[in-house]
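Next come two complexes built around subunit A: one with subunit B, the other with subunit C.
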Partner chain A sequence: MLAIEQLTMIYETKRGRVKAVNKVDLSLGTGEILGLVGESGCGKSATLLTILGLVPYPGKVTGGRIIFQGEDLLQKTPAELRKIRGKEIAMIFQDPMTTLNPVFKVGEQIRESLQIHGLMNEQAEGGWFKGRKRKESEVDRVYQLMREVGIPSPEKRYFEYPFQFSGGMQQRAIIAIALACSAQLLLADEPTTALDVTIQAQILELLAKINRERETAMVLVTHNLAMAAEFCQRIAVMYAGEIVEQGPTDEVLEKPKHPYTQGLLRSIPRIGKVKQKLEPIPGTVPDLASLEDGTCPFYPRCAQAQPACLEDECTLEDVGGGHWVKCALYN
Partner chain B sequence: MPCAASNPTRTKGVRILRTAKIIQRILATVPIVLGVVILVFVFMRFIPGDPVDLMMGQSGNVSRQEIADLRAQFNLDAPVYVQLYDYLGKAVQGNLGESYMEKRPVIDLIGQALPATLELSLMAILFALIVAIPIGVYSAVKQNSILDRASMGISFLGVSMPGFWLGILLMLIFSVKLGIAPTQGRIAYGTGLVKVTGFYVFDSILTGNWAALRSSLAHLILPAITLGSPTAAVVARVVRSSMLEVMRQDYIVLARAKGLREFRVVVRHALRNALIPTVTVLGTEVGALLGGNMIVETVFGWPGLGRLAVTAIFNRDYPLVQGVVMFYALVFVMANLGVDILYTYLNPKISL
Partner chain C sequence: MAKILFGFLPPLSLPPMGRGQMLAKTLTKTRDPVAICDGGRGQTLGKTPLVELRGLKKHYVLKKSMLEKLAGGREQVVKAVDGVDLQIFNGETLGLVGESGCGKSTLGRTILQLHPPSAGDIIFDGKPIHDLKREERRDFCRQAQIIFQNPYSSLNPRKSVRQILALALRARGLSDPNLQEEEIRLLLPRVGLSEAHIDRYPHQFSGGQRQRIGVARALALKPRFVVADEPVSALDVSVQAQIINLLEELQAEFQLTYLFVAHDLSVIHHISDRVAVMYLGKIVEIAETEELFNDPRHPYTQALLSAIPRVDKEARSTRILLTGTVPTPIDSPAGCAFHPRCFKRKGRICEEQPPDLVYDSSWHGVACHACQML
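On to the complex of A and B.
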């Protein structure tokens, strides 16, 4: 349902072009959950926002295609994109405490989605009290949505403001906004990072339930590999704006091919192992503005670096079983 | 979006609580106004110059006896605290004394001037908001555009330009050169306006007197612009900076991700939040507006409280000064209360 091909998004800055999203290829089937994993600032969130057509200023998409339901989103007019946003593709954000508008009632913020996409219009055709009827059916639907995402006593909480909600409840309300128009694709940008561990599990369980019951496809952005392992059917590893490895979750986690993925897995502490030695990846994420075209961005930190890495630009290569790697070792 | 679905049982309780709190706040203004009155009463008597001297000064051939009689008549020979006690005793009964110069009850003079001042001030605030909010919003949305730079430059001018200078400048252009606006007063003679409330614009609409409406608006426009300009400049800057702040927030991204039009994102989701700091600033601007009133009313011959105050101070017309200042304090306190109430509607986290 979603196929991203060679998507490139750059920030034009005074110090040069920053390739925040560099030739990214991703694909997603109906009802599938894809984990997008990587360190902070590697372009995960930027990829999601680009899919929605909300490239943050001063970003610009310079190439590629985003095929959603057979149509290229990059070719759509702003008005057409608005009809897709929130209705066909919805997004969940990282920090629920700052994502709801503080001055509007929570219920009204959920209702707004129904209202602007005209979802309840047919329930109230004609008649004198059309607007009122529509509003009533919208409010009923909001109650139903709030129940579905696990907000208790929606008749009361509809009228409360975000500051009266806990973080977990706010995230549930944001999920309700995303569900309002029954989107087929849900983009979740680190939906549990800002929450307590116990709440994290609840929110993940809620997302899993939505995926089961509604067959909603999801892209889950996270830097938490354990969470991705548990939750996603496929995983894509991102580094410095590029997808370096992509494949079925078990494949990628058990037989990581790319040196970066291998390093990432070695640097995770495991519960149960006594006195384990953590091996962090040496060095830091490179400055994206000073990256040269065609070279591997991981080269300076890579333990298996070789002269070939600097010569030709690698492409994602299939190493078997739908497992793709972008590395000179496998080219 | 149309108004929220209401939850009758909860909102009723909130409403009663709100009313009780508002009454409480109004009662709390009494000591403030009283304090202002006492301060002004005492200070006026410390200022060199004495009303009786001023009244008698010009004629030259006045006997000591006559002066003493006049002092006694105005109760000026008693100690200050006795005068204050007498004044406050009468004031609580609604008697603010009689103006020395006009020989009319102070309360009547104020009653005549108050609507003029309120009309001018409201118009000035209206002008400031209508001009400043769109400019502030546009400047923020199109940050660093030519219009942004230009309007922020002009607003800098607006903050720093003295009111009397702007007033005279406007008068020169629109009255003297172009001849499209009058320079003095509130309304032209012969429009036959029947006064109902003392707000001429309102009265002329009420009585359907369109000639009077045109005339009173023409008289109002220049002083209102003069008075409102500094406020407009400040408000435009505050709206711009708070819009810039708000547009960076996560909830703006959510609003866009919902599929809202950019106009709705800016006006409904961003501006509602940006208005919270704006209203705070507006509260402090009321004080500046009242001070500006005295200058603008004097420049434009506007028969309001400000001009009354200036004349009364020059004449050492004690009762009139005290009365006017008392009303100034009342208006200021009430305006701030109004701002606080408005604040509770804008910011759900705040209650009175």
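On to the complex of A and C.
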């Protein structure tokens, strides 16, 4: 359904070219949930924005293809993209308070999506009160959506403003906007990071329900490995703009191949295991502007670094069972 | 190339400390642990409480606008911390968890007198803080320090590391610049920074390194008690582990006592000896870490623990989904504050009477009517 091939997006800055997304390959089937994990600044969110054609100013897509339902999104005109955005591909952003417009009623913001994509045109009958009838049917649909995402008493809450909603309720309203046009692909960018643990569980449960009932495919961007472990069927681990490991969730987490994934798993405290001293990955995430082409970006922090790591650029290699790794150790 | 890159990284393992141990020695010398027996309780755990809170409250009165004043009506009070009894023992790490807005940060700051408490007593090292004389109070402020959550906003961007740390040393009474310099040069490698960093400004550091400066600043005062207010939640996963390890090493070296405030239960589980769970300004459950995670008794703790996503399949349990969200601490529900969301509600008693924190023989405390009826 979605296939990304060799996607590269760079930011042209004064300090040089920053490869925010570097030769990323991803694929996603109908009804599948893919987890995109990595630390901040590794290009997870940039990948999502590139899919939607929302790359901010100094950014440019310099290569690759994004095939969505047989068509290359990178070849589309802005007008064509606008029709896809929100209708076929919807996005949920991290911070619910900044996603919703504070000066419009929540219900109206959900209805806007229906209005823009003109889904209600056919249902409204002609005649004098055409516009009003159309609005009524749209409002009914919004009530239905709000109920579906678990917002209680939608008849009342339709007319409330975002500040009257709690964080969890705001995120539910945003999910309702994303669902309004029955998008087949949902891109969720850290949908629960701003929320508390118990609310996070509620929202994840809601997303899982949507996935079950509507067969919506999802890309979940998160830095929380445990969340991806519970929620996703496949996981892709990103580091410095590259996908370093990709495969079925259990495979990646139980038999991690890339030194970065291994390090990441050793550095998180786990509940239910005997307490051990954490083994952090030394150093910090590299500055993307100063990375050299052709070398492994993880090299300076890697415990298993070899001279070969600096020579050739690795490619994603299949190590069996749909498990792909980009590392000189497996090339 | 690799060497150049390595050169900029902080040293992986901390170098053996000649002077650092001396620092530790002087620390222990100045400390005379006063054995306080609290009805045998401290002795049961084999420790003495360093900090004890008795009915600590922190209420904020909301200001009313002119119109509201004219209209009359009740004064609105935010009960951020609402009657907390707690003991923090010498050398332990007490984890404090709860959802945002439950008052955990306020509690930490109130203990340090960053906010004056509305009611209740704070007893530090056997002495009630409000009775302290000016000099003693100063000494308390030195001995109790805080590490803030956000390393980006808790350091002054206009001051270099030297200035930031020198200010802390001056507060300790070390005013000779040469001695200050010497001390700073000892301190920096201890928190995983190098001496080359001494003249840099906060913006030249990464988040993890900034948090190390924050730790150094707290450490510069030779504290005994440190409130760590979400010290790792603004950091990346791989850097988080570095700071957690650093805090653990420092605790062992300087015999620090931590109150570790966090909302991430995996981190709390890793670092704490005991864990207290807070809900709407009150402690609802407190126990030793393993005991709490294996046998949570309060329905809120049960839901909280079941909601954490876990990497290991065996560790997962069936999820208890709570309905609704945390109510505001303004006009919090009568009776047990958790009753509107509780799945073990026992009728009227929960709605009318606030439950007390009752301890069992293994000092596992629960504030719940349903648990106490069993």
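Assume the second predicted complex is superposed on the first by the 326 of 331 C-alpha atoms of A that agree within 3 Å, B and C clash if a C-alpha of one lies under 4 Å from a C-alpha of the other, contacts with A are read in each partner's own complex, and residues count from 1 in each chain.
We take it that a residue touches a chain if its C-beta (ideal position, glycine included) is under 8 Å from a C-beta of that chain, and two chains touch if they have at least 3 such contacts.
All values derive from a computational prediction rather than experimental measurement.
Colleague: Here subunit A is shared; do subunit B and subunit C fit on it together or clash?
Modeller: fit
Colleague: At the CA centre of subunit A, how far apart in angle are the CA centres of subunit B and subunit C, to the nearest 10 degrees?
Modeller: That angle rounds to 80 degrees.
Colleague: Thinking of the overlay built on chain A, is A:217 touched by subunit B (first), by subunit C (second), by both, or by neither?
Modeller: neither
Colleague: Tell me which touches more residues of subunit A here: subunit C or subunit B.
Modeller: Counting contacted residues of subunit A, the larger count belongs to C.
Colleague: Which partner does A:203 reach: the first (subunit B), the second (subunit C), both, or neither?
Modeller: So A:203 meets neither subunit B nor subunit C here.
Colleague: Check the residue A:46 against both partner chains and state whether it touches subunit B (first), subunit C (second), both, or neither.
Modeller: After superposing on A, A:46 lies clear of both subunit B and subunit C.
Colleague: Can A:231 be said to touch subunit B (first), subunit C (second), both, or neither?
Modeller: It touches subunit C, and subunit B stays clear.
Colleague: Could you say whether A:28 touches subunit B, subunit C, both of them, or neither, answering first, second, both or neither?
Modeller: Once the two structures are laid over each other on A, A:28 reaches no partner at all.
Colleague: Would you check which partner chain A:101 touches, where first means subunit B only, second means subunit C only, and both and neither mean what they say?
Modeller: After superposing on A, A:101 lies in contact with subunit B but is clear of subunit C.
Colleague: Determine, under the contact definition given at the top, whether A:161 touches first (subunit B), second (subunit C), both, or neither.
Modeller: First partner only.
Colleague: Can A:54 be said to touch subunit B (first), subunit C (second), both, or neither?
Modeller: Only subunit B is touched by A:54; subunit C is not.
Colleague: Once the two complexes are aligned on their shared chain, state how close subunit B comes to subunit C by Cα atoms, in whole Å.
Modeller: 9
Colleague: What part of subunit A is shared between its subunit B contacts and its subunit C contacts?
Modeller: On subunit A, no residue contacts both subunit B in one structure and subunit C in the other.
Colleague: Which positions of subunit C touch subunit A when the two form their complex?
Modeller: Answer in residue numbers: 1-2, 5-6, 9-10, 12, 99-100, 206, 208-209, 236-242, 244-245, 248, 263, 265-267, 269-271, 293, 303-304, 306-316, 319, 321-322, 325-326.
Colleague: Show which residues of subunit A lie in contact with subunit C when the two form their complex.
Modeller: Its residues touching subunit C are 39-40, 166-169, 196-202, 204-205, 223-227, 229-231, 250, 253, 263-265, 267-273, 275, 277-286, 292, 295, 299-301, 305, 310.
Colleague: Would you tell me which residues of subunit A are touching subunit B in their complex?
Modeller: The contact residues of subunit A facing subunit B are 49, 52, 54, 82-87, 90-91, 93-95, 98-105, 107-108, 111-113, 115-117, 131, 135, 139, 155-156, 158-159, 161, 163, 174, 177.
Colleague: For subunit B, which residues count as touching subunit A in their complex?
Modeller: 1-2, 4-5, 7, 10, 249-251, 253-261, 264, 269, 272-273, 276, 346-349
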